[in-house]
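Once you scroll down, you'll see the structures, which are given as structure tokens.
Both complexes shown next keep chain A, but they swap its partner, so chain B is in the first and chain C is in the second.
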Partner chain A sequence: MATEYKLRMGDGKRIFMTKEQIMADLKEGMADAADLGSIPDISADELDKLFDILTMPSRMVGVELGKEVPVTHDIGTLRIDGDQGNSGVGIPSSRLVGIMMHERAFGADTMELGHIDYSYKPAKPVIAQEMQTMEVVQQNTIVPMFYGAMPNMGLYYTPDGPFENPGDLMKAFKIEEARKSMEDSAKHLTRDIVWIMQRMMASGADGVNFDTVGAAGDGDMYASLHAIEALRKQYPDIYIESGMAGELMLGMHGEMEYDGVTLAGLWPHQQAPLAAKAGANVFGPVVNTNTSKSGAWNLGRAVTFIKQAVKDSPIPCHVNMGMGVGGIPMLETPTIDAVSRASKAMVEIAGVDGI
Partner chain B sequence: MSKEEMFKELSDAVISCKKDTVTAAVEKAKGQGLEPAEIIEKGLATGMNEVGILFERGKLFLPHVMMAAGAMEAGVAILEADMPKDAAKKKLAVIVNGTVEGDVHDIGKSIVSTMLQSAGFEVHDIGRDVPLQDFIDKAKETSATMIGLSALMTTTMQGQKDVIEMLKEQGMRDNVKIMIGGAPATQAWADKIGADCYAENASEAVVKAKELLV
Partner chain C sequence: MGMPISHIMTSGMSGIRAAGDLVARMQFSENMRIADAKDYVAKKLDVTTDDLSDEYVMRELREDLGIGVITSVAGAPKGIAAKMNIEKLLDIKINSCERFRNQLR
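Here is the complex of A and B:
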């Protein structure tokens, strides 16, 4: 009987696979990425290494000595206090305590202050609170401190915002009206992000984390790139991280461009140069986990996409690794066996600069 | 021009997403004596299927899907006079679609609604963060034969199970098929909660809906 190895499905379920099955899934996942992104396969040696990482007997693995990379933590501010409903551990603590724990106990190399709603728009009414907290945090920590939130352009559409919901307009065949709504929302979003960051910079922030850029499609990315551009212009030394929402830029508008490039349909390796062009210091590529496929399929696919993004990016790539991304299963608290293996693969095979 | 070449022209016209191109191709096909049913099924619908594939591959986008659907509708309208009464306007089936209560994610569900609508279903998209009973009430009101339940979070996917249980309690489970979707959903979850099908993406939703309803 062939030896079987313990792996996980994309939804976290424990599965057992033979070497042949793992290699077949690794190759199939790789081929899917190569086909969709029109990018090269990873090499046979890299596939073998992926197999080795997936089948290491230890419950938890780490990178080889000398290959350590910076690790940061979006919304880590709230991870201690929040319960399982928002992927936290439910220990009552302030945002300051959350940040200090990540800095001093968990070894995070940078941190960010984030609001519980974690979008830029809802930070506006509580900006004074955010400014005060940033000042206090900076007085108590050493690590570079971002202000972080999601652009989340969906909040500008009805019923949450002033512009008619493009989804509803689209279904009524009102294509041009839908596009206009997205264009108007994008202007507001850019303005709000810049307004908030002007105040956070006045309160001592070292930089800004754009978390889940493109979550509402190409208009969301358009607004974010313009906000990055404006912030770079106003604050030449600001540290800007631009992290994505998904692997493919959804074309909700379909014709929005940045620097002459149509945003709809961009894959991670095509997104990175635009983030750099806008003025970001770090690009955060994302590859989504398919919950119906094995960890081998997901990791083969994710590493193939990210390796190309690292290659084509003019700025460092800090890959998004967590619940449902980067080959990690979709669980509120992803298992350490899957997280550590996927992270090791991203560093040692895809060559990411950070996580 | 052979029939196959004409079907290809009709299909390509839909993929171009241009209404004028589609109506011109339909007039041409009519002039060549092709039957309305085959113009639609082997020409226009084939093009619409290809649009769905290009959408999933990130080559075409939501506005293009809607433009293609609009162009196809204009093409079908030309054929209406030559078809049995109401045959061209007949929808495949009625579907109620929404994101379950507590979950504000909208985009994926909207894309599924749009693709189902483009494929010929009558779709009632009741939005996101929808109270669970509203799915059942809307299905009753519209005589829907399928309810689509979307959830993007592990914390809200329980709502998919709850709707199925509520349908059983209200004696309606056998009247409607249940389709579930969203990032955390899987076939295993669908099996566990007794859903009729799980769709991984919008194109698959169309295929599964056709399998169950048409």
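Here is the complex of A and C:
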């Protein structure tokens, strides 16, 4: 009887696979990425190494000594006192306490402050509170400290915002009106991000984490890139991390461009140069996890995509490896065996500069 | 919590427990890739790149350099004071330190 190894499905469930099944899934996942992204396969040696990492008998694995990389975080401190919606554990504490716990108890390389709703727009009415908190955080911490939030352009559409919802307009075949609504929303989003970050920089922030750029489609990315460009111009030394939302930029508008490049349909390796051009210091590529496929399929696919993003990026890449991306199972409590294996594979095979 | 801490334990540089904050600063302040950032910090600290993730080396060195340690040492530089020492050590400017200096009369 063939030896079976313990692996995970993309939803986190325990499964058992033979070597032949694992290698077949690794190759199939790799081929899917190579086909979609028009990028090269990873090598046979790298596939073998992926197999070795996936089948290590230990519950938790780690990178080889000397290959460690810095880790950046989205949402950060909200994990401590936040509710389930933020994957928070609901421990009553201030954001300062959460940040200090990450720095001094958990060994975080960087950390960030974020609004409990974790988008830029809701931070506007409470900006003085955010500034005061950033000042106190900066007085008490040492690691690089960002202000983090999602651009989240959907908040600018009705019923939450001032511009008519493009989804409603498109359903009525009002395509040009829908595009105009996205263009107007993008201008407001850029303006709001810059306004907030001007105040956070005045409060001592090291920089900004653009989390989930493009979640509302190409208009969201357009607005974010222009905000990055404006911030870099005003603050030459600001730290800027630009992280993706999903693996493919959705063309909600379809014709928005940055630096002469159409944003719709861009994969991670194609987005990285644009983030660098706008002025980001670090790019956060994303590859989605397919819950119906095995961990081998997902990791083979994710490593293939990310390796190319690292190669094509002019700036360091901190791969997104939260729940449901980067080969991590789509699960609120992702298992340590799956997380540590995906983490090791991204560092040692994809060659990421950070996580 | 299992996800971020798993990443820190698997791949991270342990922040101020070792030298992860310093390497991250060079990535963000100078767009340095991981190898360049580690080389830069290691040269400034006069250690090897492997030492940057070694708590045994970094614990005492960080205290000697006044750049902050993970345990609460009474009287040791913390917060802005530690970051001012990091500015000198890495030859960079840190925004919160600049703001602090601008408020002094």
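Criterion: the second predicted complex is superposed on the first by the 352 of 355 C-alpha atoms of A that agree within 3 Å, B and C clash if a C-alpha of one lies under 4 Å from a C-alpha of the other, contacts with A are read in each partner's own complex, and residues count from 1 in each chain.
Operating definition for what follows: contacts are C-beta pairs under 8 Å (C-beta built on N, C-alpha and C of every residue); 3 or more make two chains touch, one makes a residue touch a chain.
In this text the structure is predicted, and so the values were computed from the model without any measurement.
Novice: Once the structures are superposed on A, label A:Asp237 by its partner contacts, choosing first (chain B), second (chain C), both or neither.
Specialist: In the superposed model, A:Asp237 contacts chain C only, not chain B.
Novice: According to the stated criteria, A:Ala216 is in contact with first (chain B), second (chain C), both, or neither; which is it?
Specialist: First partner only.
Novice: Of chain B and chain C, which one touches more residues of chain A?
Specialist: Partner touching more chain A residues in the overlay: C.
Novice: Does chain B (first) or chain C (second) touch A:Phe16, or do both, or does neither?
Specialist: neither
Novice: Quick check on the superposed pair: does A:Ile175 touch chain B, chain C, both, or neither? Answer first, second, both or neither.
Specialist: Touch status of A:Ile175: first partner only.
Novice: Give one of first, second, both or neither to describe whether A:Ile336 is in contact with chain B, with chain C, with both, or with none.
Specialist: A:Ile336: touches chain C, not chain B.
Novice: Now for A:Leu250: first (chain B), second (chain C), both, or neither, which partner does it touch?
Specialist: first
Novice: So in the superposed three-chain picture, is A:Ile355 touching just chain B, just chain C, both, or none of them (first/second/both/neither)?
Specialist: The answer is second: A:Ile355 touches chain C but not chain B.
Novice: In the complex formed with chain A, which residues of chain B make contact?
Specialist: Chain B residues touching chain A: 57-64, 66-67, 69-70, 104, 106-107, 110, 113-114, 117, 123, 125, 154-155, 183-189, 200.
Novice: Can you tell me which positions in chain C touch chain A when the two form their complex?
Specialist: Residues of chain C touching chain A: 1-18, 20-21, 23-25, 27-29, 31-34, 37, 49-50, 52-53, 67-68, 70, 72, 78-80, 82-83, 86, 93-96, 99-100.
Novice: Touching residues of chain A toward chain C in the complex: what are they?
Specialist: So the residues of chain A touching chain C come out as 60-63, 65-73, 79, 89, 103-104, 106-110, 138-145, 201-207, 237-241, 276, 281-282, 314-316, 321-323, 328, 333-336, 339-340, 343-344, 346-347, 352-355.
Novice: Would you pull the chain A residues touching chain B in the complex into a rising list?
Specialist: My answer: residues 9-11, 13, 36, 84-85, 154, 165, 167-168, 170-171, 173, 175, 178-179, 215-218, 248, 250-255, 264-265, 267, 288, 290-292, 324, 330-332.
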